[in-house]
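Next up: some structures, all given as structure tokens.
Across the two complexes that follow, subunit A remains constant while its partner is subunit B and subsequently subunit C.
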Partner chain A sequence: MTATSPRPAKTEKARRVGRDTAHSGIRESAASRTIAMAVMIVATLYFLTPIWWLLVASSKTRSDFTTTAPLWFADFALFDNIAALFDYRNAVFLRWLGNSALYAGVGALLATIIAAMAGYAIAKYSFRGRELLFNIILGGVLVPATALALPLFLLFSQVGATNTIWAVFLPSLVSPFGVYLSRIYAAASVPDEIVEAARIDGAGEVRTFFTVATRLMAPALVTIFLFQFVAIWNNFFLPLIMLRDESLFPVTLGLYVWNTQVSQIPDIRALVIVGSLLSIIPLILTFLGLQRFWQSGLASGGLK
Partner chain B sequence: MAITTVARAGAMAALAALALTACSTGGTDAPGAAGGDCAPSDGPVELTFTSWLPGIDEAVAIWNDENPDVQVTVQTGPNGNGGTYQNFFNQLEAGNAPDLGQIEFDALPNFRVQDGLENIAACEGIVEAESQFVDWTWSQVTFGEEDAVYAIPQDTGPMALFYRADLFEAAGIEIPETWEDYRAAAAQIREEGGYINNFSQSDINAFAGLVWQTGGEWFTNDGDAWEVSLTGDESLQVAEYWQGMIEDDLVAKYPPWTDEWNAAYNSSEIWTWLSAVWGANTILSGAPDTAGNWAVAPMPQWEAGESAAGNWGGSTTAVLKGSDHPYEAAQFALWLNTDADALTAMNRTAQIYPATVEGADLPVFSEGVEFYGGQKIYEVFAAAGAEVDPDFTWGPTMTQVYNDVADGFSGALSGSGTLMDALESGQASTISALEAASIPVKE
Partner chain C sequence: MQVFGGFTQYVAVFENEAFWSSIGRVLLFGAVQVPIMLGIALILALLLDSPLVRGSKFFRLAFFAPYAVPSVIAAIMWGFLYSPNLSPFTGVTQSVDFLSAGNVLWSIANVVTWVYVGYNMLIIYSALLAIPSEIYEAARLDGASQLRIAWSIKIPLVVPALVLTGIFSIIGTLQLLAEPQVFQSFTSAVTSTFTPNLTIYSTASVPNISLAAAMSVVLALATFVLSFTVLKLTQRRTAA
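Let's turn to the complex of A and B:
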């Protein structure tokens, strides 16, 4: 960046920055800082504009929606829209939110525990075929969930378990990425000496894992939980294939189904929009609540 | 390791896809194979019915109240092309398809070719029901086969011309009765600063409706093989007409079903819409500021004095292959689509327009509609429905046809190629798609 800046600007900048050089360890030119800021501002706008649009659109009445400027408020009807959403078809939307919370919340929690146990075991115990096992699991990271949906459907059909909670819940418990991260993290953060000490103190293997290892692995576990929570919450294809009973739908599938009915009932569009707004709130809350852990988890896990 | 896992998953997916197409046949294998007998089951029966009509459970609840021994459970999902058809095929493959499913007219041949439908002709009262339905719908569910009925028509989409009565009057333009008039009106409207219509790059089934009106056929099936004629005379005639409109900048080119498209209607930029009966609600919700200013007229004709009409949309209730209770399922399908209470309920919750002759006389269709200046618009559509050509046949791969032709159409709108080119390449890709699915094609 500095190479392309005109000379006078550079010297003037150097003089100005010179005063507080003591505070800043790394020197950077005004130009590079401005450009970096500009890029970040553009990126921020790029990501936030759709959410802003969603918020504005959710707050409009049906007629204002098509007739007023899309990025600014008209008559504020957000709460009317939410009331209409909750009123439609006996509050089926709330049921979908509950289903999503169940699939994603409980699913991610169990998936995290399973992944942590598997990763810890692979990291801390030596047994025949350990690397082979780990590599197979690692291969699972590469298989997109969508590619597995149809085979899973045929498998669940064999046991007559399609269109049940289990059809969506059980596949959600598997997180190859979680096992991978757990292994890496356990190897780095759980010293063998501590495990030995726990054993000498008389703790069984299970107790050692739950009382000692999980504490040390906490940042990684939060990361796994968040990843898995988001993955399950946004998983759309599996429920689409598995579920036919409206009362089992997660919120993503429910909104999609409504959206395909727009040509039949144009009014439903308002419900899809306000429903989309409400459906991202749990994700935002989860992120805000856990992002501290995620940052440290990613940094330490990724750098190792 | 990673590679083998991926390969295995890929192989499974490929196998599943193969299995779905492997049962493809010529569409006429052993006519009446399942039509031999259709007897009632003993004891209470439970049926499952998958439909994406909003509020279909209200109509089904009426049936369940009246028929304690035949209880129907509603299952739902996205609209057909949005995923439910693919689900049906997966479920047929896995042997757990619902007893009954909603299938649109243009998807029915695909299910027939893949042997996904029960022939319910032998079930009591089904063949006799023919006279209750609007003419053209019945040939769609029999495919012209002897002793065969594969579904019960549910709703239709007879087409007409929605137009801005106020703008036409203010500009002193006559409501066009022929396509020639329509083009002349388009030029006048362009001088007023508006557009007569929006040419949709993606509603290929609406374009098919125009070809249908003209007497063209995109597909024919002689019992042995399919003939594809996207480039038939009538089809090219319609394409050339609209290509001329596009080249002379007489039509708008907004992507349909978007906010800008709604806004163009709402701001009076576009004056007419050639659409189906259900379009009445689309305008009502998309262009609220124009309330009271719309009216409906029959479609313009190629020759003055004719009354041909096209159709856009509509669906059926089919008994899917493998149902344990085809008799009860067929009775339910017939009741759902002919009973006045059921039709009224479906119209109230999903705004469907019935496929029965008597359905057009339901009270809800005999009233004037405020948004259309109090006009009794459904009379126009009822008259149009009776004029729809019964010989039009959909092909077995309509999703592919729509996608391929839409690609060409959006090219034509942006100036690369013409609508005729789009149909030419659609013709070629459709033939190869049929051949790839081992469906016999006549060259």
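Let's turn to the complex of A and C:
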């Protein structure tokens, strides 16, 4: 930090803390600041307007929806709409929300544990074929999940397990990207000395993994859980192919089916809109609540 | 009774014109949409990383929020926003038909861009944060502008992140399914063989599940080869 050029007091105040101080030594022109902020504001409008529209549209009565300004509130009927949604056909929507929570919550939890164990094993044990195994798993990252839906359907129909919970749940337990991230993170953050010390203290391998390694790998594990949760919650093709029974649907498939019925049953449109709003709220809240974990986790995954 | 059919289903896949034209359609889609999406993500990440923008934490979350919206829901929302009568922007949607046969592919491209720009931006932004700031300090003292620093220092250093996001985007493009399938409820311009996965789905519904499964395998292989090629090509270019 050398003060080679005299700086007015105003820019001194405008300087920001931390790493930014290093490259704000020379005053940025007001014009470039204005342009940058204008770009930011336009982008914010683009990204948030559809969500805002959904929030406003969900709060309107059926007649206000077509007759009032789409981007501002009219009579506030959000809770009536939610009640109508939950009431429709014996609360089938609540059932779908519950299914999604089960598939995504339990599925992502087990997927994270499996991926962490596999990644830890590849990082910390040397065994024959280790690199081959890892490369095959890496190849799995490049194979799209939807391309596997049809072959999976054939497999599950061999054992008569299509149209069951298992048909959607079991494929959700696999996360090649999770194994990749776990390996990198375990190699970087679990020192061999600690594993060795736990062994000397008499802890078995499984106990060492669960009590020592998982704690050190926590940021990566939260990231894997979160992204697997989103992937399962958003999954559409697999349930579309596997499930016939409406009571097993996740919320995305249920809303899709309702949306195809709008032309025959116009009243269902309001339910699709308020249902869409309810289905994204859990994800947005989860991301906001866990942001400090996934932001650092993304950094470690994206850099390699 | 099942008999091993050799490669008869694969021969049928290669003779299926609808399947190949759907692959052509998503390749065109990807050639336009992926560079635009990654370009926007890169510009936003550079701006967030520059000292020009205040409140970067808010903007980061605002841009990322659409990633929390499932594709099916995003497509339903945009379907309403494109509609000539229900849209908040009827002035635009009544003069441009976003759901016509000529435009619907690009209307879908906008939905995909809307969902994924923030996610890609965060990966690039994380890579920018990892650059030690001493690297800029010298350039700053030499009087380099932010634009110059972005172009000559930052962008070359985030190429690996761009490759990663590019590969994931290619995979996603070839898999395109939920958005066009939802749009079938809004317009008749999206046919049942619009994208490879829609072709696979409609073939499976006939039902001709064996042919559909063979198409899936071909699609998976094509995706693998394409993303692997991108990886190798960019590795060679960055090494040279």
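Note that in this section the second predicted complex is superposed on the first by the 270 of 304 C-alpha atoms of A that agree within 3 Å, B and C clash if a C-alpha of one lies under 4 Å from a C-alpha of the other, contacts with A are read in each partner's own complex, and residues count from 1 in each chain.
Operating definition for what follows: contacts are C-beta pairs under 8 Å (C-beta built on N, C-alpha and C of every residue); 3 or more make two chains touch, one makes a residue touch a chain.
Quick caveat: nothing in here was measured; it's all calculated off a predicted structure.
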Inset, instruction - Using the overlay on subunit A, decide if subunit B and subunit C clash or can fit next to each other. - result: clash
Inset, instruction - In the overlay, answer first, second, both or neither for which of subunit B and subunit C A:Ile265 touches. - result: first
Inset, instruction - Have a look at where A:Ser175 lands relative to subunit B and subunit C in the superposition and call it first, second, both or neither. - result: neither
Legend entry - Superposed model, subunit A: greater residue contact from subunit B or subunit C: C
Inset, instruction - Pick one for A:Thr66: touches subunit B only (first), subunit C only (second), both, or neither. - result: both
Inset, instruction - Using the superposition on chain A described above, determine whether A:Asp245 touches subunit B (first), subunit C (second), both, or neither. - result: first
Inset, instruction - Classify the contacts of A:Leu154 with the two partner chains as first (subunit B alone), second (subunit C alone), both, or neither. - result: both
Inset, instruction - Could you look at A:Trp233 and tell me whether it touches subunit B, subunit C, both or neither (first, second, both, neither)? - result: second
Inset, instruction - Kindly classify A:Arg33 by the partners it touches after superposition: subunit B alone (first), subunit C alone (second), both, or neither? - result: second
Inset, instruction - Applying the touch criterion given at the start, work out whether A:Ser58 contacts subunit B, subunit C, both or neither, answering first, second, both or neither. - result: neither
Inset, instruction - With the two complexes superposed on chain A, say which partner A:Gly139 touches: subunit B (first), subunit C (second), both, or neither. - result: both
Legend entry - When the two complexes are fitted on chain A, the stretch of subunit C hitting subunit B, from 19-27, 73-81 or 199-207: 199-207
Legend entry - Contact residues of subunit A, present in both the subunit B and the subunit C interface: 66, 70, 139, 142-143, 147-148, 150-151, 153-154, 240-241, 256, 260, 262-263
Legend entry - For the subunit A and subunit C complex, residues of the former touching the latter: 4, 15-16, 19-20, 22-26, 28, 32-33, 36-37, 39-40, 43-44, 46-51, 53-54, 57, 65-66, 69-71, 139, 142-151, 153-154, 230, 233-234, 236-237, 240-241, 252-253, 255-256, 259-260, 262-263, 272-273, 276, 279-280, 283-284, 286-288, 291, 295, 298-299, 302-303
Inset, instruction - Would you pull the subunit C residues touching subunit A in the complex into a rising list? - result: 40, 43-44, 47, 50-54, 59, 61-74, 76-81, 85-88, 114, 117-118, 122-124, 126-127, 129-130, 133-134, 136-137, 139-141, 143, 146, 149, 160-161, 164, 167, 171-172, 174-175, 177-178, 181-182, 184-185, 197, 200-201, 204, 209-210, 212-213, 215-217, 219-220, 223-224, 227-228
Inset, instruction - Could you pull out which subunit B residues touch subunit A in their complex? - result: 1-6, 9-10, 12-13, 16, 48, 50, 52-55, 75-79, 82-83, 87, 90-91, 93-96, 98, 257, 259, 262-263, 266, 278, 281-282, 284-289, 350-352
Legend entry - Touching residues (chain side subunit A, partner subunit B) in the complex: 62-63, 66-67, 70, 89, 132, 135-136, 138-140, 142-143, 147-148, 150-151, 153-154, 157-158, 160, 162-163, 240-241, 244-246, 256-257, 260-269
